[in-house]
Amino acid sequence: MSLSSRDQRSIEAFDAELAARHVEGMWNLAAPPSAEPKKSLLPCLWKWSEIERDLEHAGEVVDLGPKEERRVLRLVNPGMQGRRATTHTLQMSYQLVKPGEIARAHRHTIAAIRFVVKGTGAFTTVDGTKLAMSPGDLILTPSWMFHDHGNDTDEPVVWIDGLDSPLVSYLGVGFFEHFPQDRQPVRKASEVFNEHSLLLRPVASGSAQPSLLKYPWQATLDALHARQGDAGSPFDGVLLEYSNPATGGHTFPTLSCCVQMLRAGEKTQAHRHTSGAAYHVVRGQGTSFVGPAELAWEPGDCFVIPPWYSHEHINRSSTSDAILFSISDSPILEALGLLRTEPCKSEHMTI
Amino acid sequence: MSLSSRDQRSIEAFDAELAARHVEGMWNLAAPPSAEPKKSLLPCLWKWSEIERDLEHAGEVVDLGPKEERRVLRLVNPGMQGRRATTHTLQMSYQLVKPGEIARAHRHTIAAIRFVVKGTGAFTTVDGTKLAMSPGDLILTPSWMFHDHGNDTDEPVVWIDGLDSPLVSYLGVGFFEHFPQDRQPVRKASEVFNEHSLLLRPVASGSAQPSLLKYPWQATLDALHARQGDAGSPFDGVLLEYSNPATGGHTFPTLSCCVQMLRAGEKTQAHRHTSGAAYHVVRGQGTSFVGPAELAWEPGDCFVIPPWYSHEHINRSSTSDAILFSISDSPILEALGLLRTEPCKSEHMTI
Amino acid sequence: MSLSSRDQRSIEAFDAELAARHVEGMWNLAAPPSAEPKKSLLPCLWKWSEIERDLEHAGEVVDLGPKEERRVLRLVNPGMQGRRATTHTLQMSYQLVKPGEIARAHRHTIAAIRFVVKGTGAFTTVDGTKLAMSPGDLILTPSWMFHDHGNDTDEPVVWIDGLDSPLVSYLGVGFFEHFPQDRQPVRKASEVFNEHSLLLRPVASGSAQPSLLKYPWQATLDALHARQGDAGSPFDGVLLEYSNPATGGHTFPTLSCCVQMLRAGEKTQAHRHTSGAAYHVVRGQGTSFVGPAELAWEPGDCFVIPPWYSHEHINRSSTSDAILFSISDSPILEALGLLRTEPCKSEHMTI
Amino acid sequence: MSLSSRDQRSIEAFDAELAARHVEGMWNLAAPPSAEPKKSLLPCLWKWSEIERDLEHAGEVVDLGPKEERRVLRLVNPGMQGRRATTHTLQMSYQLVKPGEIARAHRHTIAAIRFVVKGTGAFTTVDGTKLAMSPGDLILTPSWMFHDHGNDTDEPVVWIDGLDSPLVSYLGVGFFEHFPQDRQPVRKASEVFNEHSLLLRPVASGSAQPSLLKYPWQATLDALHARQGDAGSPFDGVLLEYSNPATGGHTFPTLSCCVQMLRAGEKTQAHRHTSGAAYHVVRGQGTSFVGPAELAWEPGDCFVIPPWYSHEHINRSSTSDAILFSISDSPILEALGLLRTEPCKSEHMTI
């Protein structure tokens, strides 16, 4: 916005006067709006080989007692300004629970998921339903449901946490409550309330609909393998969403969980979208080109694809499938009418 | 509508003249509209002890060969005028499939369900998914999906058919198609596409969403028992709907399947609604008072509660649960804004 | 279904025995299901030149007094079996209200519309809102809303009634209630509750959302003219639906009102659908080919296009637009997942 | 999170090492989560008497030419950290357009509204529809629709801008595009596409649904006055939302516009919600108690009620109504399952 022949000094004095009254003149805009979103978030990869060492170290230096809360390594996007999170809406972290430890019962408006990386025998109790956790299982703790974790075996357990905490923080809706005891009483048999029988739902009564709280790994693997021969998505291979049977829609209103299989040698085409996602590598070796970055991944790694970055994936093995788990904020953009998706040119010469 | 001082004869002549041109004067109305729906359908009970004999007889006199279609006993409401069906919208029937028989593959806009009464080892293949059928299992064949049935064992199998055929006939939308072969090739493993893995759904691709096609009896029983201690509905005891995980809604857009448990000695209150339902008794002995009728039922029986009849149920056993399976047209009335439900006075003095 | 070598007589005896118990063996089916719906309804045209005379006659021979109800000529499909209505779901009729007459206040679950044919100065009061009626205006009386009509001028008024009464009758949900007085007190200014201000809706209160009750003819005409240059639908020309601003959806859950403009000389392509519609000609001269029937229409005429009949329209004028108003049951078929639409071959050689 | 007997220094060294790899240990949390959201935003009032002077001054020192963009005074919440906006999701501003000026045509994913404060004769053209602007009119420019403003009269015009720009910025979805010319060609008559005729919508065609773009002040006033005698909301008096007739829902997916009338002497009860709102005073004198702040307002003033602040309103006049216009982010919180509303204790002793 040009000020043509006016006295620049009087503008500055005016601006100062306005600022004192909590007003800002829009002529101060340095530049016209850009045609596309400015991308401050950055693609980034975290190596399991390093994280595993960090978790061991954390297990040594940090005690998790009955009174303490979580032992968590949070993945921080190097492009975040002011806030520390994996993207502006999502938080992905690794959590270690050692034998005998309890992560005490509480609830919060933040919705969370756990995807088990390593170790069998931990549990999460959600709203009175106790769920055993094995590698590859996805456990949900929907917004405002009480949950506690524990490890009753003699093996350490590591899982991925996925949360919408940066969104909840941005919106200023962070409510939190401790359960009266450290552990919830187990009231419901998980094998009933997390199986087929969940699909039989109470009619016309005050009782709340039970939620699906666990997607066991074997079912996930079966679903992927059953699609092995499908064409799949040109951008994502076989891409499946963990859908909510109570609505037929996304995993949560704020967060979608997906699993995808890149078949041996599969190489996807480049596209981009206004949603962002954080990935965890379950199986296989591959490379994801995210904007100008080349992210070579292995099992246990995590990486992030920020909004509006072109991206494409390659399974580098010619014999084995690769499997990626991811969380995305696409439900938010969809609900607000702000989701854009488009094929785009690859930014890579080297592929 | 009174014609006051006019010449009645000239009206009659006028009416005749109009009728020839496919017009009708509304002054011909004999009576003012009634405040409530006229109830032409009647409550009715069909005894398994008789039906079982009929099925045996039908098995002897009617051959079901590779070229023939179904062997079915249809329950016909004695109050139906013109049409023969269980209610104006619903058809409930018993079907017998003998060892070695095939009910050949076809599809139709009519949506159908099967609820297995007796015999293990029959199968239904729906859209390429082969589903084993055991007593208490609910098998769905949604509108326009290919399906065929067979019995490869040496035991006769009986199931209940539930269809929306009277509605489809009324609406004049009955499409029908044979599959090129008698039996569909089995393309999909039922254990994958009818289990938890069904809840992982393809994102952004041309492939259709898989449908849930089978609710196994054990899961149904688990769901009921998990609710044993609930207050339940004062009108229906523990009443659960078989929900569709692809929408979170009713079993079909035209038909809802429910199962309900009347606990030992439970006696429900009277209510009525504009939807109608047909019932099948899975377990227990009881009595349903439907309008002025007293229907005493046992396992294997079927009965019908037509729209707007007051009804209440009693489990006559003081020690065992009773379990009823039912199909209802409530989704139709709900979608069209015509569902009314209200508690009402019992019409029974004798209870 | 063949009975092979069995004794036909024993089957007949068995059938008789079953019938006594309200059971029917399905082997009695005379023929396999047809691939497409059987079309019992027939295309039909009613000429205004005849109807106008009939209405005059009806005005003479039938008195409508304070105690009497409506003076209505109902259009009866010659193909309806058992019931008398325009289609299986819809009733279209002409109604005459003479100066000084009152059609007393009542309500019913039947939803109704009025489309004014002739005469200015009648009114309908719906839920306390008094609405003036001029030619071309569409007035709604949604399900279960009190309404009364009157004519305070010295000119007879004719309008088209459109109702879902055959559907309501089929479903057995016909509730009816008189208002305590012949005429409702007028509580609300129609100019407020039927204008833009209707779009400002109460938040978080017990007061019901007001409904849009009148679409004035001038607005309809403006909407058509604004689309004059559009490509429109190849099957229907410029086809507009009267949408419900409270939902963004159809006029009623059971009935859709549309208006369409066939531009000078416009000739549409043939298609068919499982919904049926009844038409009223507002302006112009044309021909509609409906299955094998050729219906030549003029202003004031009504005609019916039953489900699944191929149909195409011709505006026979090379200089003037033709305008058709219609009611359709498409919302029912859509809600129940039974709407099919497809282009098809014309059945006419002579076009 | 206590570190019990561990060496604090080794933790610090570990943290530093993690930070270098974009990882953060969650044991660094200074405090447990708070039970309720921390409220960083502050209640604030902007006086029209001051703003009017500022606008005059801005009109003198800032030239808006054919090549320049907008002349806007933005209201900046004193509690915003890092960003400058009215709330974390909403921007409210005053805009001045002088005679002969043009605010050139562009579009953006940001959705915007204008509420006219002063001056008759400006216009906004949205998607080819030219809309005249008079005091009290609400003009919408939905996401990604081209719009330009102008003032062809000899009177300066002031309006309120309401935008979801802080949300769009947070989500990183800010797309922007100039129209090829400064002013869009006017293709559509506003009186057609913004009136009743808008409710007649194209069926089955490629043409997009027209949007409602203007709510004229007289209609708003009529709607308020028609509700004068209603009980209204105990927290808001007569509160009406500008609803979207294409969906029956909120004004935009991201922003709701409301108008409310506090009747003479009306005093509302305290409540709070997780949505935030910015207000503009149209008529009357009153006081709003927002948390600990007492905001005394007059016509032309603006003020903000941040999320989760208790608030209550008083109309200080015993003879005249007060009217408030407001924008709220409640649709966002509702869509994401994060809207909480509750009555609460007043924080004011002095009322």
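The chains carry the letters A, B, C and D, assigned in the order they are written, with residues numbered from 1 in each.
Assume a residue touches a chain if its C-beta (ideal position, glycine included) is under 8 Å from a C-beta of that chain, and two chains touch if they have at least 3 such contacts.
Treat the numbers as computed from the prediction; the structure is a model and nothing was measured.
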{"item": "Where subunit A and subunit D overlap in contact partners, by chain label", "value": "none"}
{"item": "Chain whose mean Cα position lies farthest from subunit D", "value": "B"}
{"item": "Rounded Å distance between subunit B and subunit D, as computed from the means of their C-alpha atoms", "value": "52"}
{"item": "Cα-centroid distance, subunit B relative to subunit C, in whole angstrom", "value": "31"}
{"item": "Approximate Å spacing (C-alpha centroids) for the pair subunit C, subunit D", "value": "43"}
{"item": "Multi-partner residues of subunit D (each touching 2 or more other chains)", "value": "none"}
{"item": "Subunit C partner contacts - residues on subunit B that touch it in the complex", "value": "1-4, 6-7, 10-11, 14, 18-19, 21-27, 29, 32-41, 44, 46, 50-51, 54, 57-58, 61-63, 65, 67-78, 81-82, 84, 88-89, 93, 108-109, 143, 167-168, 170-177, 252-254, 274, 276, 306-308, 332-333, 335-338, 340"}
{"item": "Partner subunit B, residues of subunit A touching it in the complex", "value": "188-189, 191-193, 195-207, 212, 215-216, 219-220, 222-227, 230-233, 235-236, 238-249, 258-259"}
